[in-house]
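What follows is a set of notes on a single structure, which appears directly below.
Chain naming follows the written order as A, B, C, D, E and F, and within any one chain the residues start at number 1.
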Amino acid sequence: MDVIVLFFAFGLIAGLLRSELKLPPGLYEGLSLFLLLAIGLKGGQGLAGQPLMPLLPELASVMLLGVIQTFIAFAILLNLGRFARPDAASIAAHYGSVSIATFAVAVTWLSTRNIGFEPQLVVYLAVMEVPPILVGIMLARGMGSGQVVRWGNLLHEAFLGKAVTLLLGGMAIGWFAGPGGLDSITPVFFDLFKGVLALFLLEMGLIVSRQMSGLRQQGLFLLSFGICMPLLSAVLGLACGWLLGLSVGGLTLLATLAASASYIAVPAAMRLAVPTANQATSLAAVLGISFPFNVFFGIPLFYQMAQYLAGA
Amino acid sequence: MDVIVLFFAFGLIAGLLRSELKLPPGLYEGLSLFLLLAIGLKGGQGLAGQPLMPLLPELASVMLLGVIQTFIAFAILLNLGRFARPDAASIAAHYGSVSIATFAVAVTWLSTRNIGFEPQLVVYLAVMEVPPILVGIMLARGMGSGQVVRWGNLLHEAFLGKAVTLLLGGMAIGWFAGPGGLDSITPVFFDLFKGVLALFLLEMGLIVSRQMSGLRQQGLFLLSFGICMPLLSAVLGLACGWLLGLSVGGLTLLATLAASASYIAVPAAMRLAVPTANQATSLAAVLGISFPFNVFFGIPLFYQMAQYLAGA
Amino acid sequence: MDVIVLFFAFGLIAGLLRSELKLPPGLYEGLSLFLLLAIGLKGGQGLAGQPLMPLLPELASVMLLGVIQTFIAFAILLNLGRFARPDAASIAAHYGSVSIATFAVAVTWLSTRNIGFEPQLVVYLAVMEVPPILVGIMLARGMGSGQVVRWGNLLHEAFLGKAVTLLLGGMAIGWFAGPGGLDSITPVFFDLFKGVLALFLLEMGLIVSRQMSGLRQQGLFLLSFGICMPLLSAVLGLACGWLLGLSVGGLTLLATLAASASYIAVPAAMRLAVPTANQATSLAAVLGISFPFNVFFGIPLFYQMAQYLAGA
Amino acid sequence: MSINTGTRTLLTVITEAALEATLVRILSEQGVRGYSVSEVRGRGSRGYRDGVLAESANIRLEAVCSRAVAESAITLLRERYYDDFGMVAFMQDVDVLRPDKF
Amino acid sequence: MSINTGTRTLLTVITEAALEATLVRILSEQGVRGYSVSEVRGRGSRGYRDGVLAESANIRLEAVCSRAVAESAITLLRERYYDDFGMVAFMQDVDVLRPDKF
Amino acid sequence: MSINTGTRTLLTVITEAALEATLVRILSEQGVRGYSVSEVRGRGSRGYRDGVLAESANIRLEAVCSRAVAESAITLLRERYYDDFGMVAFMQDVDVLRPDKF
């Protein structure tokens, strides 16, 4: 197992054993800021010199991918899971959107094995976060409900939310700086990346352990949804990536993005837009099941599926 | 443009667009602590083995430089700008003193271009912070006002304020450790310097963006003062450096020091010593205008002026 | 003097001169978290592939060492020092236990001089923290007092307290990852170690300086105890290490561990378990005297003693 | 009372950090002219909220204002947020200098 | 009072951070159903406590509850902790909506 | 009141962090024996103060003391600081155990 995954396992076990380990407040925020910037810089540098217009149809495709996932998840949760409409819509939005931590683990998994991937995957990450939120809000309120949605606010969130700002900002810097232009900051943003990710995953392990203790209150349906939905999404992601002609590394990453579920941006947006949805339920599924599933089993599995697909 | 300046531009734009980007509290403080220590260490190491006594006249000169700047700025603000006495004195003190962030950007600008500079520039930085504060307080109160100034407090501040302590402490460590003595901590204090400065400038961009939105309430006079005063100061700094026989790199740095305006030590001191002065006004000028001007345009310009002067 | 010790001296002097230097809250916690993890990783990696069972008798020996120290210190404080029973027991527990900061300084001292040591020293560190706490509590309450001790809580603390969790978790990760397995996180956890320790010692200097100003209220007896007890403990540690057949580096480290006194885990535990004990007294001795003594004089001295013993 | 003071109402609201912007908007619409905010953690009917993830962060907002403003604000909060959000709100009388400021 | 509120007691305890878990346990045994905690620094009879080391950290806990619960809790705290720990505790009447919650 | 308590005054001051040392000095000169401080952000007549730069940091200080001490302290604060500094101060009666401590 990769060493960074060992850090996650350590945090998880320490949390489950009720260790007194607690990370200083603000550390989580600082580490994720670093990871987002570093991912953005790398992606932007990869895209430097490349024309950006041809990317637009690709971006439309992956945004559509997230939207389709959200609809499918909503239908499953409403009909099979018998969830109330707001809950079904909220959980679906979590699974339609993406998790940056899961993406970072997959990037490291690939780079440890010297498997390359297309730089635009970082742009995919940036654009895939928000559309499922919009869909989820519409689904929660019923399409024709006539209730006013603050679209201005939502668009603001789409481009100026914290994570997206850092990704886009990092990409812009990397793009302008171009190859070689980031050399002076390489010791911080690239050499430290994996170690910082390890610390971040330690904290994730502690966070996940707390969600796990809340899992018992959730029905069995939700638990299996937390594993099956990522698998289904990964298949959709692979199909989409295949249509876009991605490499094995790119396919693996897009499958991971599709399979990953948001636990930062979506909960924050849903809390205000759909206040009646139960937040504990969605976080238990996303953090308690799907995140560890993806980190421990999903990524290697998606890679094998990608290899199979690319070989076919 | 240098990559660290791109980080500043990113923070500025994100802030002006009202992005939700916000850095964790305490990060600003941690980053500036690091930068001060690192600058001090480098300077101290450069001075190691060198006798310190001959520096004294140089230090007196640069302290005088700051004091003269403060008097000039005060005269301009009072007579041309028609500011009230306390406001004119307070703003003048900001411009007489120095900004560590601006200094760090200039150091990086030079080192990216392999341009050397004298190690004592770091000592200049340390001694130039406080004298303009004392002058500013005297000017605000009127020389003969008979009001009691707590000189003990002010001297304490001069040597034991946070920034000066870190600079002097770092220099002492570098001086004692000598060449080679800092090797074991090089990976932290030197290799990470530019990356940390990049993060710091990202935060500065966010901070500056907030001051810019307050600029509209300021008169046009203040806006032009925020550009002209640094230019005038840079010329005085170049003249002083030329008398001291500095190299091109040293001239550039001393011009930058002169042109830079304090936004940490001086506001804190003036708030207590001259409470009637309007703090929003001085910060709008210093952070909203002069800091970005120096970072984007000033430093390259001062370098050209220094080259011209050295060639003459 | 080593450069990291210069950082300690700087913090100490700045604090004694009442500088305004203050490190951001949370920094101390973040730095010590990093140091504990890094020490654990290194130790675990050293032990990888090695069977762990044969370590058990060694661990029993060093745990006994700490317990014996606690009894000796208690006897001295009660009889010679005429301290009240709870105070004597509490101070004794501090000296029986260990200080991670002191250990880290000794590790760096050795590595700067290319002196190796056995990887299990890190395990010693982990197991030596807690037993003296248990002994101290029993001594404070009187063995036969019949008062209920919450042993469950105490055992929880023994394995799941913050420092022990990080050390054991780091060791487990290093052990599983094995040689080469930590390469990807080396730039963070190993290359930055000394620089981070330097920052940590700067903060320790500030903390110690505050204890020193409280030293005057303490009797002369406590002051001499703060120097003599570490010396006595170091001799016991050397004897124990000699019986275990340690190398010179290992002997030095075990002497340092024995000589070091806890200022984190023990105060926290004693505050709740023996609330009548005066915390200011024990911290003044541990931080105001023994910690600086060990850092400035103890470690080089213990090394000489170790060399003498190994040569004999 | 020997010095010139007046009585105003201190309104304290402890709630989810996600509501901060909304809360501030509502209060100012109701006529509150100033407020102070700090971070807290705590426990209530919705379990422990420790703020490690933003989702579980709480804030404590306090505002000195007139009784009428406090009451209309608190009534509005109850109507709109008490059902779906963790929220505790209470009012106290306080003596202030410069009562016209609030 | 123009709106439907009730009076409850706000109990505030400022004490050493080491006592947090114990304090929370005692309060809930006494019937307190919710509380909020923040970090504070301060000075009292035991000198300055600034929280740099965990040993010198203070917390400020506040809980809205009935008068009876607050009094029994504060009495217990005095008996058990006032002698050995830095602790300041006080009670105030507050107006709350949903008085049955507390 | 079923237990032995006394009434004291809780003085709360919200002001610029730059004033902390001065404020503490004044309070202790007026006879305040203890206090607690926490960081807050907030909005008032001088706009939003969020504490990112030290210049915009606010503190919230609270001290339990006698009514007379609180009043003389607050009067002094008004005279010296209300004009030039962001400052909000208010007083409340609180029930304390060990009233002689304050």
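FYI, a residue touches a chain if its C-beta (ideal position, glycine included) is under 8 Å from a C-beta of that chain, and two chains touch if they have at least 3 such contacts.
Only a predicted model underlies this, so the values are computations on that prediction, with no experimental measurement involved.
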Exercise. Could you work out how many touching-chain steps separate subunit C from subunit D at minimum?
Key: 2
Quiz item: Can you list every chain in contact with both subunit E and subunit F?
Solution: D
Self-check item: subunit C against subunit B, contact positions shared by both copies (same if over half, else different)
Solution: different
Exercise. Could you pull out the chain whose C-alpha mean position is farthest off from that of subunit F?
Key: A
Exercise. Please name the chain that ends up farthest from subunit B once chain centres are defined by their CA atoms averaged.
Key: E
Quiz item: At what distance in angstrom does the C-alpha mean of subunit F lie from that of subunit B?
Solution: 35
Exercise. Return the distance between the CA-based centres of subunit D and subunit F, expressed in whole Å.
Key: 19
Quiz item: How many Å are there between the centre of subunit B and the centre of subunit D, using C-alpha atoms for each centre?
Solution: 41
Quiz item: By residue number and range, which residues of subunit B touch two or more other chains?
Solution: 23, 25-26, 187
Practice problem: Hunt down the residues of subunit F that sit against at least two other chains at once, touch-wise. | Solution: 38, 92
Practice problem: Determine which chains touch and list them pairwise. | Solution: A-B, A-C, A-D, B-C, B-F, C-E, D-E, D-F, E-F
Quiz prompt | subunit C-touching residues of subunit B, taken from the complex the two chains share | solution = 26, 29-30, 33, 37, 156-157, 160-162, 165-166, 169, 172-173, 176-177, 181-182, 184-189
Quiz prompt | subunit C - residues contacting subunit B, complex | solution = 1, 3-4, 6-7, 10, 13-14, 17-27, 108, 112, 187, 191-192, 194-196, 198-199, 202
Quiz item: What residues of subunit D sit close enough to touch subunit E in their complex?
Solution: 12, 14, 38-45, 58, 60, 71, 74-75, 78, 82, 88-92
Quiz item: What does subunit F use to touch subunit E in their complex?
Solution: 1-3, 5, 8, 10, 24, 33-38, 64, 92-98, 101
Self-check item: subunit A residues touching subunit D - in the complex, by the definition given at the top
Solution: 23, 25, 28, 203, 206-207, 263-264, 267-268, 271-272, 275-276, 279-280, 283
